[in-house]
């Protein structure tokens, strides 16, 4: 059964990708990119990659189509140019593809348990993580303790992206005095506002559940941050941008983004203070397993805060841009 | 019986995808995405039960939430675009 | 505290960046960045001294030992590149205040310095780590902050060059990710040392060859090696001058370090030479880079663009050094890494002074600069001389070692071609010097003579110029360190 | 005894859910214009979801999965019709007018497409935003 | 059974080629960003297929099963997805600024605007 599901999902993915490459209507391409995100997330689900499906759903099907749409709202939908340099593209793609296909011939078969990938480093994670770190979700224990430095890099990448978007779009002097008046920022009609009022509190509650449930089931700091931001994005979509600006002012969110990274960094430094290496939590509490628990919860919190605030910064800057986008004549 | 439902879900997803690809007007595509989204929610729940690990249903819930928000985002964009084209025509 | 040096090297700027963001006062953020960069320089000097004394330093993060957790392995090569990056960064950021205030305005100061610290931390993270996937993560940190920094340029072309660099950079990084995926699939580990031990067993399979090809192309994209260098001239000429000074001296050097690390330590030099015709490939591409880069540089009117193309040429020299793949050849590359960083940082800082005073840096605008801005023009002249490789300058040392390496390994024509390449670079340096000293300032230029560049910019420039001269004469430090690194990499066991 | 009844009941619900969804999808493909497709798709969409989730709830037995399934059901209960409504409203706004249109606001809308963009389009749009 | 053994990898390769083609050939900047997304997602699918063990369930320890698929590729992909969304957000911000500076998001107009060849 898994095989049928896997092959069906992959073929759907392929069809969507080829159509996106072929279509000229940008709006259709963005919509299909959303479907592409949904399909790849369900593929990850059928592969047993639960945390990854969670993240891909929140990001691939949630945030990136929304961002692309607000870019599209300013840049117009027509894709005028027919593909130029097609020959060069086909050539490079052909060469890369050929190299890859020859490489697959000697790959270990898909799913074979004795492939080298499963024999060297991975068995220890599965066997000893319960004893050493004491949480059932092995992915979170590898993510937050064995390879915690990678996750610190991940949080800093998100922080850099938030800063980059801020430096490009956010800091223009005239943001303050110009009122946000585009329909994208106006409250929408009655039904949506009622349903919005009903849904937003459970969404934020669910985000907190995902944040602290990260050790026992799928979830964790990053997914929780995205869902938390999606709650506020829904609020801004339904009740308009001014309403959100009143609750979440820009300076606070920027500071929170920096605070999240600092939390992560200082928890690592505590490892040094407690006489061990950087990012070693066993010294944080009485015995080492309790210390690992405490460390993982702290850094997941740091990740959640940074991701939520960066996603909010990016979305609010984009929709404020939309308001200003109206001033620029549409040359779509 | 669950496997039959999973196959039915796959068939529906294929049909919805065909509508998304063909869809003459943009709203057909949005409708197809909406159908596709709810079907993915169901597919994930069914996969959880097939693989015997029902505690992964949170993902199906996130799907439903994300699908709803992206549909509202798309429509909000479209309302904005629609009005703009009309003003553009004036 | 000395045992935590390797991690402090990277964590210092990494944690300083968000705190600089929280600081929010632009005057303080410059000072804060200079202090952090200085501290990183001190840490790297201590690290270099420790490595010279004890050999390889290992530091496992999170207390988990090597293949399971992430491990930092600092040997002579790491310490040397860390030393170069921190030294150049301290000099460049010390000179940054006036030029950035002029080019960026008040509101974006704090964000600029935070992004600078992130880029700095990213570069250090790439060099210090001993884990293959960690290289990818920190590569992304430095690349993302570099795109944002370039996009802060005044000219609208800065946006387009940042986007071009983003697309090419992301393709390069994803190629590296594919290569890492293949390596993990065939060996099951992500630690560089562990990979080096387990790869010979699976060396014959095409998957490892594909991994090698993908990682090589990805790094050459980041390195701006000749056919893949199209993003570099735009990015360097449109970015703010301080960013250009920092990137020209460090970003490509870190990519070169990656190339050496992967071809020599991870894949092993004998596999690298046998798998692909690496020796001839690198020498040919290097030479092509030298000649095309220098030829195009001659016809440029914008000096920044000219120096960007000359960077492509100088990277060609370094690749030739690796192509020779003997101990002396590798040592020549590592020497040129250091000297080129000094030259380019000095030249671009001098140009920052010119851009600050005159507003642009095309050949017409710097006419008669010898009289109005003697110190800056002096820096440009000496930097140019070092670029050409005149005796008594640092450039001469690296050219000397390069020619010695090619003669030792019997490539007679190669030595001649290297000398011809230096002559080509002499042509465009002469255009600079001639425009500066022998030409009269344009009649249309502003009547008031532009004063000398501000002191805050001049002092670091001249510190770098003097370093150029000092290391041209007294070469004990660079030679001894690169000697140890080259013999350790090629001679003994990895 | 009770288990076999539950099993049969959930099998029936799952089968019905599957049938409704497939019929809805076929309707989605074959119906001529947007509104009829919309009718086919969103109706069966919501009903199909209720049946399938209900069927799964029966097999889940007491415990956390049952609560999660109930949560999903409630969530679909709110979002699916709302999405359908918002979709129809947006279609109405933009270019897809109902041919012939019965209700008064629809008539005003039809004038819009015919005559020049008079101010009345502004009132219609703002009228319904209570 | 060669098909099931390598079908995953062949689809990954085709997706990679589609994404790469879109990035190189399409002139519109937004299409380039979508192409970049597809290119990166195909690498994620490759990693997850490497990590899959036949019959192994999700790497969350439970009393039901003892065979789990490999958790390490999942960790790597979580970081790679974050890197992907960060790059996309920055690229879209750049596109907005380019749109306001050049008035168009087509590569030809931008190159014409700069006067390059």
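Annotations
The chains carry the letters A, B, C, D and E, assigned in the order they are written, with residues numbered from 1 in each.
Definition applied: a contact is a pair of C-beta atoms (placed from the backbone, for glycine too) under 8 Å apart; a residue touches a chain by one contact, two chains touch by 3 or more.
Just so we're clear, the structure is a prediction, and the values are computed from it rather than from any experiment.
Steps from chain B to chain C, taking the shortest chain of touch contacts, total 2. Note on connectivity: the fewest chain-to-chain touch steps from chain C to chain E number 1. Set against the Cα centre of chain D, the chain with the most distant centre is C.
Farthest chain from chain A (centres taken as the mean of C-alpha atoms): C. By number of C-beta pairs in contact, the leading pair of chains is A-E.
Chain geometry summary: the mean Cα position of chain A and that of chain E are 13 Å apart. Centroid to centroid, with C-alpha atoms defining each point, chain A and chain B lie 19 Å apart.
Shown for chain D are the residues in touch with two or more other chains, namely 75, 79, 82, 86, 89. Multi-chain contact residues, meaning those touching two or more other chains, occur in chain C at positions 133, 137, 140, 144, 147-148, 151, 184-185, 190. Multi-chain contact residues, meaning those touching two or more other chains, occur in chain B at positions 30, 32, 51, 55-56, 58, 61, 65, 67-68, 72, 79, 81, 83.
The full set of touching chain pairs reads A-B, A-C, A-D, A-E, B-D, B-E, C-E.
Residues of chain C that touch chain E in their complex: 133, 137, 140, 144, 147-148, 151, 156-157, 159-160, 162-163, 166-167, 170-171, 173-174, 177-178, 181, 184-185, 190. The part of chain C that touches chain A in the complex is made up of residues 4, 7, 11, 14-15, 17-19, 21-22, 59-64, 67-70, 107-108, 111-112, 114-115, 118, 121-122, 125, 133-134, 137-138, 140-141, 144-145, 147-148, 151-152, 182, 184-190, 198, 202, 205-207, 209-211, 213.
Only residues 1-2, 4-5, 8-9, 11-12, 15-16, 18-19, 25, 27-28, 30-32, 34-35, 38-39, 41-42, 45-46, 48-49, 54-55, 57-58, 60-61, 64-65, 67-68, 71-72, 75, 78-79, 81-83, 85-87, 89-90 of chain B touch chain D when the two sit together in their complex.
The touching residues of chain E, when paired with chain B in their complex, are 57-58, 60, 62, 64-65. Residues of chain B touching chain A in their complex: 3, 6-7, 10, 13-14, 17, 20-21, 23, 26, 29-30, 32-33, 36-37, 40, 43-44, 47, 50-51, 55-56, 58-59, 61-63, 65-70, 72-74, 76-77, 79-81, 83-84, 88.
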